[in-house]
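Read through the structures below before going on.
You will see two complexes here that share chain A, one where it goes with chain B and one where it goes with chain C.
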Partner chain A sequence: MDRKQNLTALLFTGPFIVAYLVIFIYPTIQLVHLSFTDAPLIGPGAWIGFKNYIRLWNDGQMWKSTFNTFYFVLLTVIPTTIIGLALALMVNRLSGWFQSIILACFFLPYILPVSVVILIWQWVLDTQFGIAQPIISYFTGKPVAVFRDRYWAMPMVAFITIWWTNGFNLLLFIAGLRNISQDYYDAAALDGAGRFKQFVYITLPLIWPVTALVLTIQLILQLKIFDQVYLLTQGGPANATYVMVQYIYKQAFQLNKGGYAATVSLALFALIVVLSVLQYQVLRSRGQK
Partner chain B sequence: MIRRLNIAGGLISVFTVLCAVVWAFPLYWAAVTTLKPEDEVVQSGFGLIPRIWTIAGYAFVLLNTNIARWYMNSIITSVSVTVLVLILSASCGYAISQLRFTGRTVLWLAILASFMVPTQTLIVTHFVLMNDFGLINTLAGVVLPQLIVPVTIIVYKQFFDSIPKDYREVALIDGAKEYQIFWHVFIRMNWGITTALAIITFIGAWNNFMWPFIAVTQQAKMNVTVGITQVDDAFGLAYARNLSGAVLAALPVALAYLIFQRRVTQAIMLSAGIKG
Partner chain C sequence: MRGLMTKALATAALLALTMGAQAKETVVWWDFLGGGDGVRMKALLEKFNKENPDIEIQATTLEWGVPFYTKVQTSAAVGEGPDIMTYHLSRLPLGVSTGTLREITPDELKAAGIDAKNFTPANWEAAQVDGKQYAVPFDIHSVVLYYNKDLLKKSGLLGDDGLPKGLDGVENFNAALKKLKDDGVEVPLSTHTAAGDSQWRIFYSLLGQQDVPFLKDGKVLDGGDEQKAVDTLKEMASWVADGYTPANVEYPASIALFTSGKAAMHINGVWEVPTFTDLAKDGKLGFEWGAVRIPVLYNHPATWADSHSFAIPNNKGKEISPEKLKAVLTVIDWMNKNSLFWATAGHLPAYLPARDSEEFKTMQPNATYAVLADTAVFDPSSTIAGVASPIYEGMQNYFVPAVNGQLDPEEAVKSLKDELQGLIE
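Here is the complex of A and B:
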């Protein structure tokens, strides 16, 4: 009987296990192995021990792209969480078809492919004809080629990213808000608590688990940024938007340095794991207070 | 007091609508641009409605680029990814949920662990692997690395767990085969979840940029999301054309969302770990 169960189970799990071993386990082991060699992208290389890791530590562009990745995380993670919560509070007040339409307005960008998103914004922000340039000119006095300006480029990519992906946070927050029982608000209103007090003492603490979830998902997501930056600025101007995944891409596919690209990949992986564990701990302890 | 609240509430509602209009405006602006002639596009001003209506941008993209080909590639790869991911995940989730077998816990932990590894860090070795298989610049090479989606297995397992054990045991006593129980009982009872996961997997595969961009360098094998960035390179400043390509590339996922809005929402919540 047990053997029969095992056989049946193997039939059900076999295809996945094969795929898992070939597409996930093998490439992961291969990545670690590659990081200790000087191999080109395709073909064998010699074992060079920790040389790639030492080089990584002293690599200026690596630090630059790490710094830029953190800058991007700073510009996106907390703002998008706050905006998501604010919009959710606004949308949650509405009801019926009206709510559906308003929600769709905020959510629609999220399901678009990244290349469509960047084509839209390249047009909206076009230096000569862009419809957003009058707004920029209002503050700066003249149109700005935002993706070619080292101070504007990264905040603009972050802005577009928030516009693009905020629908996801909005959905999670709306679900969270709906889970808060109306009874709390009724009881608080009976005790004479105003809207603001209700928000601070009921909504905020009870929405905290969702907030923590959104922050964690966003942190991991934004550390992996590549598509938007690559399509909008190629990392420029003057490396002002060069990020870690793009550095992997450059080492592997432009400079043909498979070994070193693997080392950079592992560094990014380690960073993501460490930061998400760290954030999880911090957010959890805050939630318990 | 109540009157004051209503005025405040009304103002917030107006503000909400304003925000929604501003948020969605770039979408409208891009869409309306595709219906203008190229010289009207670059005229200054706020042409909310085209003075001259035209579909020249679409005609140009359809006739002068490989977009029909890219579209086919996108459909083939996205549908393949969707079907394969669902089959692999559902059957694996079923085994973990319903069968007791050697290595079950190890398999489950391995799936949870793979959740942690971002696919972006595997692009180098995925490329090497696909090259070893001779699959660079092929549609199969685009599909294969997208097949491991741990979250789909996790969702399936949760839903299969919530079906009472009696269902399977009664069916076994009646002489049903395991695959029959899997298909006729467990999948049928979770058909809603299956559609939701299928739609979200399809949207994800269609929108995937990085891997198709790396795995394919020949124009003829590109996905539409990668291909339209090539149109941009080729024509420079021709926004009606570029955006026509963009609208076409976005059409399937936008329609999928508008038609299956509730399912898409449900699938997103489930993937984030919130049971909706």
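Here is the complex of A and C:
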């Protein structure tokens, strides 16, 4: 009986395990191997030991890219979570078809492909014709070519990213809020708790697991930032938006250095694993307190 | 019954068509000619297909620059490249180093009747790496100074011969820009200040005018050359800082500034000649225009130049068949023999019989700026140079911010130098 069950289990999980081994584990092992060679973009290379890793350590542009990646994470992860929660609290107060429409409006950007998002914002922020330029001019006195400016570029990429992806976070928070029973609020209201106290002592603790999830998903996602940077700034001006994946792209596709690109990829992979595990543990323990 | 008959006839006709097509050799062609010259190339391709019933070119135009060359490199590496492609000679050493190009042997060239004698030696040798031929030159192209005759005339900068005057020398050039501005010209000089490739062409021309080598004996801007590069970059940045050239202008916008009559002068490639020719012909330009060699700001004339050429990708695991190769070389030979028409796209034909012909010598505005070929400076022959190369990327990353006042020119030159030097070692 036991054996038969095992067999059934194997039969059902088999296809997944095979696919997982072939399209994830095997390439990962190959990637590690590649990082010890001087391989070009396509084709094998010679074994060169730890040379790529030594180079990685001494590579100024790689450190700059790492720094920029963290800067981008800082600009997106927590703000997008807070905005998502705030919008969810507001949308949650609406009801019926009106709520559906508002929800759809917020979710709409998320279903757009990145190329469309970039085109929209390139026009909105165009130096000569952009409809957002009067707002910028109001503060700076003159139109700013935001994607060509060392200080504006990264915050604008972050802003566009939040605009684009926030709908998904909003949806997760809405689902979380709907799971909180109305009874808690009723009981708290009877005891004389105001709206703010209700939020701090009921909503926040009960929504925490969702918040932790959103933060973790966002962290992993934003560490891998590439599309927006590639389409908007290609890492410029003066390295201001060079992020790790853009740097991997440069090494692999522009400089034809597959081996070194694999090394940088591996560094990013390690970084994501460590940070996400760490963050999730910290958040979970806080939630259990 | 009648319907059946029609169907049978249609099937027969279709069969006949496909059988006809089978006898043809198809040549898959990729190019990056999306500018004003792309229209001319389409006409040439149509003409070829009409005149050569046994060869059919299937042409695709891809996006110029990094997208094109990335696609070519990766597709050739897995045997999925085209049969023939356009290629910048500036990039040839880089392309050979990545194994993207197939050698064309002397015997193959001879069999196709392609003779080195019909090209200038420098141009022909630029298509070689270590003495092996990897491409056949098609044209020489450069940047020129387009000018609005009406605006220059108003500011007294136009000679009786219809050519600009008083632009040579840095002081004179800047004084001319100031005069134009004072006379109410909105944009004295329009360049694509947002584009690294365009800034490279200007920068490299100005370095050439001072005999400063960008790369010499494996050293980037060695010794005192670094300071000269900084000074040159400062000069370019001053045009933006002084309000003569608008900051952060993208490629199409810089052309629009000129065609709309707002800009008195415009530095751009010869490939935009057809744009202005066609607009003027349709009466949509609204002013008289001309094109001349870039003014001599420093010691002597020199202009950046590059060459479009034809190359055969080294399709891994899918060696080109002798029949297909013959067809490809026929295409290359035919294109060069018909390159007088290509000259209407602004370029100078690489094929000397075309360039030396009477028709070319009277073709305007090409004949006016054709002298630039004598003092042309080509990109350094190196794996860091050429379109979509580390130099081009560095231009975008460091020089564009410097030109637009975002980055100190000293820092820009130093960062570029360090990055490129690191790639050579």
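By definition in this document, the second predicted complex is superposed on the first by the 267 of 289 C-alpha atoms of A that agree within 3 Å, B and C clash if a C-alpha of one lies under 4 Å from a C-alpha of the other, contacts with A are read in each partner's own complex, and residues count from 1 in each chain.
Convention: a residue touches a chain if its C-beta (ideal position, glycine included) is under 8 Å from a C-beta of that chain, and two chains touch if they have at least 3 such contacts.
What you see is a predicted model, and the numbers here were worked out from it, not measured in a lab.
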* Asked: Of the partners chain B and chain C, which touch A:L94 in the superposed model: first, second, both, neither?
  -> first
* To do: Pick one for A:L56: touches chain B only (first), chain C only (second), both, or neither.
  => neither
* Asked: If you stack the two complexes on chain A, which partner ends up touching A:Q128: first (chain B), second (chain C), both, or neither?
  -> both
* **First (chain B), second (chain C), both or neither touched by A:D149** => second
* Asked: Between chain B (first) and chain C (second), which does A:I180 come into contact with in this model arrangement: first, second, both, or neither?
  -> neither
* Check the residue A:I17 against both partner chains and state whether it touches chain B (first), chain C (second), both, or neither. => first
* Asked: For A:I42, is the partner it touches chain B (first), chain C (second), both, or none of the two (neither)?
  -> both
* Taking the superposition as given, does A:F253 touch the first partner, chain B, the second, chain C, both, or neither? -> both
* **More chain A residues in contact [chain B versus chain C]** => B
* To do: Look at A:L34 in the shared chain and tell me whether it touches chain B only, chain C only, both, or neither; answer first, second, both or neither.
  => first
* To do: Would you tell me the residues on chain A in contact with chain B in one complex that are also in contact with chain C in the other?
  => 41-42, 128, 253
* Residues of chain B touching chain A in their complex? -> 9, 12-13, 15-17, 19-21, 23-24, 26-27, 29-30, 33, 41-42, 44, 46, 87-89, 91-92, 94-96, 99-102, 104, 107, 110-111, 114, 116-118, 120-129, 131, 144-145, 147-148, 153, 178-179, 182, 203, 206-207, 209-210, 214, 225-226, 228-229, 232, 239, 242-243, 245-247, 249-250, 253-254, 256-258, 261, 264-265, 268-269, 272-274, 276
* chain A residues touching chain C - in the complex, by the definition given at the top -> 40-43, 61, 127-128, 145, 148-150, 234-239, 250, 253-256
* Mind listing the chain A positions that touch chain B in their complex? => 5-6, 8-13, 15-17, 19-20, 22-24, 26-28, 30-31, 34, 41-42, 87, 90-91, 93-94, 100-102, 104-109, 111-116, 118-124, 126, 128-129, 131, 163, 168, 171-172, 175-176, 210, 213, 217, 220, 224, 226-227, 231, 245, 248-249, 252-253, 258, 261-262, 265-266, 268-269, 272-273, 276
* Structure fact -> The answer for chain C against chain A in the complex is residues 66, 70, 73-74, 77-78, 97-99, 194, 247-248, 253, 388, 390, 393, 396-398, 400-401, 404, 406-407, 411-412, 415, 419, 423
